[in-house]
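Think of it as A, B, C and D in the order they're written, each chain with its own count starting at 1.
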Amino acid sequence: MFNVIKRVFMAGLAGGLVLAAGCGKGREGVTMAGSTAFQPFAEKLADQYMTTHPGVSITVQGGGSSMGIKSCLSGAAQIGMADLVKLPAEADALKSIVAAQDGIAIVLNPANAVSALTMDQVRDIFAGKISNWKVVGGADHSISVISREAGSGTRSSFEQVLGGIKLSGDALIQDSNGTIRETVANDPNAIGYLSHGLVNDKIKPVTVDGYSCTEKEIMAGSYKLVRPIFLMAKQDASPACKDFLDYILSPEAQELIHKEGLIKAK
Amino acid sequence: MKLNGEKIAKYALMTVAFSALASLLLIAVFIFKEGLPFMLKVGVKDFLLASDWDPQAGKYGIYPMIIASLYVTFGAMLIGAPLGVAGAIFLNEFVPKQVMRVVKPTIELLAGIPSVVFGFLGVMVLAPFIRTHMGGPGLSVLAAAVILGIMVLPTVISISSDAIGAVPNSYREGALALGATRWQSVYMVTIKAARSGIIASIILAMGRALGETMAVIMVAGNTVKIPHSVTDPVRTLTANIALEMANATGMAREALFATGIVLFVVIMILNGIALSVIKTKVRKK
Amino acid sequence: MTTRKPIKISVRELRVFQGKEEGLRGVNLAIPANQILGIIGPAGAGKTTFLRALNRLNDLSPDTHVEGETLLDGQDIYHPSFDVVALRKRVGMLFALPVALPMSIFENVVYGPRLSGVRNRKRLDEIVERSLKAAFLWDEVKDRLPMSGLRLSGGQQQRLCLARVLAMEELEVILLDEPCSGLDPISTAKIEEALTILKAKYTIILVTNNTKQAARVADDTAFFLNGEMVEYGPTGKIFTVPDDKRTNDYVTGKFG
Amino acid sequence: MKISPKITQAVAVTLLGAATLLTVAVLVFIIIFVLGKGLPWVDWEFLFSAPKEMGRAGGIFPTLVGTVLLPLMAIAIALPLGVGTAVYLTEYTRETRFTRILRFGTDCLAGIPSILFGLFGFIFFVITLKMGWCLLSGGLTLAIMVLPTIIRTSEEAIRSVPNSYREVSFSLGATRWETVLKVVLPNALPGIVTGVMLGIGRSIGETAAVIFTAGSALRMPMSAFDSVRTMSVHFYILAREGISNEKAYATAAVLVISVLLVNLAAYSMMHRFIARRSR
């Protein structure tokens, strides 16, 4: 038994050394980190890019928007991703591009009779001024407001478009699009908001001021709840890194982004 | 030459023994470095005792989260500790060895299920149940306590049961020979002899409950408010850090590290209490 | 008893403190080589403490402190430069309860030689056979040496422990701490027989609760009481015409 | 009125039994739930092919590799440290202020939430030491995280080794270190293995600390300095970002089964070991 443990140790150590020795040479590496909302799309783009550029290895990490900015500044990642409506001052030193746009859908449980809200109603519901579905034409039941966490790009964009509301103190907080969707899908009285690419048949998007959250209405400027997705890199980024950023803005990549559910940058 | 080797072994082990303490200090230094200046800037009292948390508006009060963390942790222990210790006793004392050999590994297996899976089960099964039968949004103190209570079971059971298993058989036989029933021998002899192991298991479990993050975020609702009933949603200290860290910048980020300091200190205090409990009990014996 | 043998162990004013209690209060004793010294006395007399002082096993218990002089072949075993590990290889010990280590019979016996660096399989085999024969256990276990020592009976285990001590090639002194207290008469007889043969080669110190055992096997006997050595002399004299009244009371069964 | 001990016994045993049954039932329910939801989607293809479309299609092979490597590395680092500490505390010192401080430190470390480990690992290993998101950063962070568990369980196990074994070993001329190696550790092994199992379990199940330190790159790691994604992280991303619930549950099912296999292997190893020694 001891020998087994010893052997495992030795094997582990040896393996570690071999792995360590094997690193550092070979393909050119680019690391992306940040916004978890954009992470899946970045992975997809990286996969596509690498099929045509076998000499480059792109690694995609999550971590959140601020992590993206921080690790880009510190050099831990060459490209930072952020879904903030406006980049913070510390990102000024970085070169940034808008890679895509994302609509924010207001969603309800499919069992809810309400299917249209005005911008004012949305604002009052999330601020806690309207607390019963009856007021907006639904059943007589209290509203469960579900929001993203403070600092979330989606939330700050959402609040900014609504004119800087203060979120109701009773709101439940979830920290990802996926859980907002699950929570709304599970609770017949819930209302939440999320990236419009992630709307599925378990939840029901509502129209706001009569416009639905579709690419057409967003591009036309009639659906107002939209936020940009930024990619950042240092001014002296490597050629491979620059080339990849150029690729993301290419029509081919933008088409891919569009197909996956985001809205083209321009 | 041999004694030299012995000396090397001793000093090597002593160095190794510092690893835990050194890691702790390193972690403490990094967290305090990031959070302490903020805490002093805002004022320790305002930070700890104000109930308003809105980093965007410059309001940093974490009192409701301290309360929430305590409620959820104690709730979890209320569920996990009795169940776990009872299970450990039952499996060791009242069940054939073969059954124990199947059940204990099954329970330990649970320690390997990611907290996220527990959280998902909480969202899918437990929260709707609470919502329909007890009211409220379902995501609540109760849901968090139950999920955490279940999550700590493997820790409590496996360590307690190692401690109970290590009690020499002669102790039990001694009690039985004096005419005690099996339960009396367990109650009067085994539990006393295994006490330090049982308490250790509970302390470890408490640490895990207090520190659990992912599962709590998913089932507690994360509303910053002091709960008035077990069906109210709450946000714990850990949830606060994990929820907002990814996107926090500047002051808001420092506030989260300051939350980390509070968590750190609460754990120190809890440990201090637990340790002194053990010590006084040992002394009384 | 006329030929005086060379002194193997000499103890002067040996005091052992355990915490605040004084376990031994100044014992003086000169123990000749190649004979059996029996130590008798009631419980708490300091017999075991004395024994454990001779191979420095007392070192292991916290807050034990030793004063006085203990010489083995004229060398002070408590001197800082004295190698404790080497000491314990020269001075082996058999405990009251048989403690077979949870390993095979073979491994139990070669535990000491392996520590001394004996690797050669043939030599280990020889050591095992020699030691087990000397402990009168060979015939009973020779076919099942790979079996766990824990599966032997109590008497067999104690003889295994004796063999384990005898396997040490540096061995000069054997300390026995009530080795037969838990054994049946037949096992006891076998151990006693082994001891009487072994004294030709080793110096043996036997602590016993059983005065008859001391009378049977010991050449000299010492009587301990309350941490002091009351009387020491040839076994025949101690059991028939002791100088001290307390010794007389003890050996005739008036107390203890 | 005095209640007869027989009745007390019956009541106590019933209560204990009910508690145990409840515990087992809940745990079994969780396992069945996860397996029931996930297993229908699991096949060889799923296990051994690379993920496609961010995990929405294809398999989980790189995360399988990550789930094996990361806990292995964590244990390889934490086991010698943890057992060494336990040996030092039990065999080499008495209870002093110094050991109390060490033990207090260990207990506090046990209570630190994984999110703080994650933040620390990120700032220290990834940024300050410039190691980047990689297997090694993650392994070191997890090692610190499971260290207290291993120390605690090893200490309990070592303490339960009978003192007479040590005395015998010393009396046969063994040094302290030899006694530890030949007598103490082999006899404490079952307890140490329990600690290791708990540690592996915790490493496999950890999400927060892993994302911040080992990263979440969905690729095959080629060196200790490559980022890895474990199955837990994969499950988290699949489920939380709403990529694919089917794949998420399938991943969870594989996760549960692999932990089961690890435990079974460890147990059978341990039993064979015990059996050999008492044969």
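Quick note on the criterion: a residue touches a chain if its C-beta (ideal position, glycine included) is under 8 Å from a C-beta of that chain, and two chains touch if they have at least 3 such contacts.
Only a predicted model underlies this, so the values are computations on that prediction, with no experimental measurement involved.
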| item | value |
| --- | --- |
| Graph distance between chain A and chain B, where chains that touch are linked | 1 |
| Greatest separation from chain B - chain, by CA centre | C |
| Chain occupying the most central position, where position means C-alpha average | D |
| Between the pairs C-D and A-D, the one where more C-beta pairs touch | A-D |
| Chain centre separation in whole Å, for chain D relative to chain C (CA means) | 47 |
| Length of the line joining the C-alpha centres of chain B and chain C, rounded to whole Å | 51 |
| Between chain D and chain A, distance of the C-alpha-averaged centres to the nearest whole Å | 32 |
| Gap in Å, rounded to a whole number, between the CA centres of chain C and chain A | 78 |
| Residues within chain B bordering two or more other chains | 2-3, 242, 245 |
| Contacts with 2+ other chains: residues of chain C | 85 |
| Residue list for chain A, restricted to those that touch at least two other chains | 36, 63, 67, 175, 179, 182 |
| Partner chain B, residues of chain A touching it in the complex | 36, 63-67, 69, 84, 88, 90, 144, 149-153, 156, 166, 169-175, 179, 182-183, 186-187, 190 |
| Contact set on chain D toward chain A in their complex | 52-54, 72-73, 76, 79-80, 122, 126-127, 130, 132-133, 135-136, 185-186, 189, 211-212, 215-219, 221-227, 237, 239-243, 269-270, 273 |
| Of chain C, residues touching chain D in the complex | 55, 57, 60, 62, 85-86, 88-89, 92-93, 95, 97, 99, 101-103, 111-112, 115-116, 146-148, 150-151, 161, 164-165, 168, 170 |
| Footprint of chain B on chain D - complex, ascending | 5-6, 8-9, 12-13, 15-17, 19-20, 22-24, 26-28, 30-31, 33-34, 80-81, 84-85, 87-89, 92, 101-117, 119-120, 123-124, 144, 147-149, 151-153, 156-157, 160, 175-177, 191, 194, 197-198, 200-202, 204-208, 231-232, 235-236, 239-240, 252, 255-256, 259-260, 262-264, 267 |
| For the chain D and chain C complex, residues of the former touching the latter | 94, 162, 164-175, 178, 182-183, 186-187, 277-279 |
